[in-house]
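By written order: A, B, C and D. Residues from 1 in each chain.
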Amino acid sequence: MQLSREALIRAYRQMKTIRLFEERLHDEIALGEIAGFTHLYAGQEACAVGVCEHLGPTDYIISTHRGHGHCIAKGCDVMAMMKEIYGSRDGLCKGKGGSMHIADMNVGMLGANGIVGAGAPIAVGAGITAKSNGTVSIAFSGDGACNQGTTFEAMNMAVVLKLPVIFVFENNHYSEHTGEAYAVGAESMTARSAAFGMKAIKANGIDFFSVYDAMRELIDYCKAGNGPASIELDCERFYGHFEGDPQRYRGPGELDRIREERDCLKTFRTKVTEAKLLEGAELDRVDAEVSDLIDRAVAEAKQADRPTPQDVLQDVYISY
Amino acid sequence: MQLSREALIRAYRQMKTIRLFEERLHDEIALGEIAGFTHLYAGQEACAVGVCEHLGPTDYIISTHRGHGHCIAKGCDVMAMMKEIYGSRDGLCKGKGGSMHIADMNVGMLGANGIVGAGAPIAVGAGITAKSNGTVSIAFSGDGACNQGTTFEAMNMAVVLKLPVIFVFENNHYSEHTGEAYAVGAESMTARSAAFGMKAIKANGIDFFSVYDAMRELIDYCKAGNGPASIELDCERFYGHFEGDPQRYRGPGELDRIREERDCLKTFRTKVTEAKLLEGAELDRVDAEVSDLIDRAVAEAKQADRPTPQDVLQDVYISY
Amino acid sequence: MAIKMIRDVIRDTIDEEMARDDSLIMLGEDIVGGNGAPGGPEAIGGIWGTSGGLWAKYGADRVIDTPISESAIIGAAAGAALTGKRAIAEIMFADFIGVCMDQIWNQVAKFRYMFGGKTTCPLVIRMPYGAGFNAAPQHSQVIHQFVTAMPGLKVVMPSTPGDAKGLLTQAIRDDDPVIFLEHKALYGVKGEVPDGDYVIPFGHARQVTQGDDVTILATGMMVGFAEKAAAELAQDGIGCDILDLRTTSPLDEEAILDSVERTGRLLIVDEAPPRCSFATDLSALVAQKAFASLKAPIDMVTAPHSPVPFARELESAYLPSPDKIVASAVKLMSYRRG
Amino acid sequence: MAIKMIRDVIRDTIDEEMARDDSLIMLGEDIVGGNGAPGGPEAIGGIWGTSGGLWAKYGADRVIDTPISESAIIGAAAGAALTGKRAIAEIMFADFIGVCMDQIWNQVAKFRYMFGGKTTCPLVIRMPYGAGFNAAPQHSQVIHQFVTAMPGLKVVMPSTPGDAKGLLTQAIRDDDPVIFLEHKALYGVKGEVPDGDYVIPFGHARQVTQGDDVTILATGMMVGFAEKAAAELAQDGIGCDILDLRTTSPLDEEAILDSVERTGRLLIVDEAPPRCSFATDLSALVAQKAFASLKAPIDMVTAPHSPVPFARELESAYLPSPDKIVASAVKLMSYRRG
């Protein structure tokens, strides 16, 4: 599909924002600046952005424990996200949720989720609303999450109710330390999804354009009332499962190789510059702007107001 | 497959025992003699017996809420079962479990189960033991249960662990009041099972021989170390979902038709007498013996000791 | 005032609220019935008879039959409720919370908190519960001990037709998620039901009987047992102050403490087994906040620490009963500090 | 006596028991690690480091990595345990009980009872639990309030390396199903561990400190908090009788009642939110059975009725602390009956 110059720049900016956000977190966590468990999305940017560039605020997505990329791609405020990860009371979730629970209903982002497989059923419900709005609902899941009973139930129910739900499986080949080759018993998760009675395709998760085009097709298909669909995106995660993971399950040289050969940002840059759709200088300018944004986000997050003990009992209920 | 005369009589006796057990329960329940929720198996006898005639005491089965047939087929004592359903303290479960929880580890029957979909994961564990014994483990499920997340998880895990587990789906076309056509979104549950990465076949659940032959193939396949398999058995339930169900979801004349045209006992009798494998008189003799057995079982169950309040706190633990 | 059975009150209240609010949907297994079957849809309208006629009136987009997939039912209801709908999910037996607890506990109950107070999830999870039908260990349980322990949920246990209407109306209109527990043995109970719009705010106990000797706290089917016991105790001159708590979360602490301060004796009746239960919860409240008023130990009439057994004799022995309540009250009255 | 960290005690105890009993198997996610990956298998040995080396020693038929399917993990362990194996299932975080509760509550806990006392299901479900890591609402919870409420389960919460060994050995050899709760923040705690065969029977509290003024009941990470508080209180002349209950089911009622009968004051420390909790359970026990000894209200230092918040300041404020325990004890000591 032909994208406008603006659209290309926007997509690149989104991917770059995710990348720098995550790289910076990696450094900050190593310095002990950030509490809790953090799962970095770096490497998978083309997936989140290739999906979300099609979506508006009343299209819904739900995410996973590895949620930063989805949040940024769907339009969550980067400053407020960073503050949340730092545990500030000005964070997007007032410091209550942290990395694994960033959400913003205003942009149709129904939350990162610490429970593997919990998102898909909720996306089915958002699909009920989407059906009445003429929009779509997207469940991001991993290759590990695709084995959880809740994910299967959600797929069957979405088919039964003919809902406009798209199950996006980011296959980064690992669930924590276990290979997809071990944990997914099926020939492929795509074949398995197809057998649930939905359109199921694969795309190249390190190529923004592959994801973007495939998603256009699926979104149109779902909006036309054909029921749900699924897509498997072959991709790579550049860091450990969580920050602190020594990654002994990786093959020799694996990390270097994927960073060299399977980097979605490099792939994008090469494609658009070789096709003369954008110039390198333009992309460099975006890089600088994004880098600046992330610097500001971290600086602000470090200065931001801290929560107080009285905040603990706020927002358990609307009224009680 | 060629069965001996003894084997044929035995199979018929088992099916007939189930049928008369259930018909008698139907009457007794109508008289208010039996407490609780009872789900009758009548109509599906060829499934339970066609499967279990291959099995010995260290092959395992696990059952469902509709468990009487599986229990009888696997060799649970009919007198003790009847007493259990009547809530006697001499019942197979001392009156603690009733219809929905009949079990006997001594014959490899891991229990009827009131939670739809709960059996399949447990059968996977019995499959671990079976693998080390050279036996097999069988999970009976319905067309409704096949949509429960636990069933899906169990199928994937059995494939991953290459266990000798056979998922037997008795498709009687209804889960309570809802049609299989509605609740199973997939083209078929067999196609869906196959996509999990296992051998998946169908058989005619009203024909004992179809079930029996198909199971021989699957059991050999599983014992040869090929991992799990699944089978869908097309069958009919002759009574309501539970006793008391007015069955308004049935089509006009449906019950009469299936009882006339799709009765596995009639089918069996016709086949074996036409092929001159057994004589009608021989079968009549079995009928009479079984009828007598059921009469005695009911008579004894009505007389049997009742539990006492002190029994309530027995058997919660082995020691506490 | 009409005289109705609780099962009909539930149905009619849902009907009224669906008529009132287009955004309200409901989901569950067989709540329509007969989908995909020759005799259906709507052959049944819910196995408890609590949704008859609703599919015909509001259509398949609002009255949604589901496969047997409780996690997906709660998840779907929650996802709809997060995105602008109101939802009612029916879990056919409360015992099935075991297959969908994550969606209730880690998702629905926590959304608002972990998302920083910016979301609403107006969702009612209806769960028929309780013993009395010889339905055996997996179809007879109470679960209020679990859900009351979960911050973020409100928990309702009506015991009369009138309360069922007022509390269910409140539950549906509430912006917080609500667990609405319907005792299976009470569905057939008849009583007066106010006409028109009728809302009972949560956190207000109902005074069932007044008395100065023993405070009796109860919910659901236990309320009737307590009333029977109180009638008997009255003949012996023992006055019982029975409170039907109606909601276990929020809890009407004030009414409880006021009563105990008056009577000095507390008897709690609970259908749950005794450990980490709502009975212990109430006991602890009083032992902490009305200690000085207590003239006797706090007594609890509960189920024993066992599953719910099947046989008639066993289930009767398992359940609290008016007799056991009488015995406990008599014991409390005769207590003298050592 | 060796000095070891709890995480190593867990691993070593499993190792010893696997060597001792061929029928013992274990299942969980990443308990081997690296299966199906270029660097594996056994790249890791469990994300908590509690199963390192076991796969290499006992093989893939006994140390079984699973997909992310907690219901199937518990079900598989249960099915194996019903058919002649002994099994240890690891649920990576106790918070995930929500996706497998049915298998625990309606299956494992009830088998023996509902099958008439004729089966055994020797199964240990290990669950790392608790707050202290800023792991946010879905990875920081305690769940003993739920499992203690379930008849048919035994529930263990060790707080020291020695207890971890003795109790885990008992759990593995026990013929009843056991929930074994390991506090994540205690994995790195070092202490003395008896050599050789060492079994601690269930239902026996450990006397942590002796004192005549206030009985303090605690488990898991709360025990250390209570000890810190007691040290401070001792300076003000307040003597604390701390009991580490070690198992919440069965419960050492005798030790609790004896202590309260001596001190007349009860302070319960519990990491759970306050409703229908183990704290209320203990309070109710004492209010019923040692009422006459009580000189003051029963106080509870618990988490508040909220999810576990993420930010450092919030999580600290959420958790019980030595300071809060001190304040409560002082309040109890100064109580005078109105």
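Assume contacts are C-beta pairs under 8 Å (C-beta built on N, C-alpha and C of every residue); 3 or more make two chains touch, one makes a residue touch a chain.
Predicted model only: the values in this text are computed from it and were never measured.
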* Co-neighbours of chain D and chain C - touch as defined -> A, B
* Asked: Going by the average position of its CA atoms, which chain sits the greatest distance from chain A?
  -> B
* Structure fact -> Taking each chain's centre as the mean of its CA atoms, chain A sits from chain C at a distance in Å of 40
* Would you kindly tell me how far, in whole Å, the mean C-alpha position of chain C lies from that of chain B? => 35
* Two or more other chains in contact with one residue: find those residues in chain B. => 93, 95-97, 101, 113-115, 118, 147-150, 153, 156-157, 160, 182-185, 316
* **Where chain D touches two or more other chains at once, by residue number** => 66-67, 69, 71-72, 95-96, 98-99, 102-103, 106, 113-114, 136-138, 151-152, 304-307, 309-310
* Asked: Looking at which chains touch which, would you call it a line, ring, star, complete or other?
  -> complete
* Structure fact -> chain A residues touching chain C in their complex are 60, 62, 84, 91-97, 101, 103-106, 108, 110-111, 113-115, 118, 120-132, 137, 149-150, 153-154, 156-157, 160-161, 314-320
* Structure fact -> Given the complex, residues on chain D that touch chain A span 29-30, 33-40, 43-44, 47, 65-69, 71-72, 95-96, 98-99, 133-139, 304-307, 309-314, 317-318
* chain D contact footprint on chain A (complex, rising order) -> 35-37, 87-89, 93, 95-101, 113-118, 144-145, 147-150, 173-185, 247-252, 254, 306-309, 311-313, 316
* Note which residues of chain C are touching chain D in the complex, please. => 71, 95-99, 101-106, 109-110, 113-114, 136-138, 145-146, 148-152, 249, 272-273, 275-281, 283-289, 291-292, 294, 296-300, 304-307, 309-310, 337-338
* Residues of chain C touching chain A in their complex? -> 25, 61, 64, 66-67, 69, 71-85, 87, 102-103, 106-107, 111-120, 151-152, 154, 175-176, 203, 250
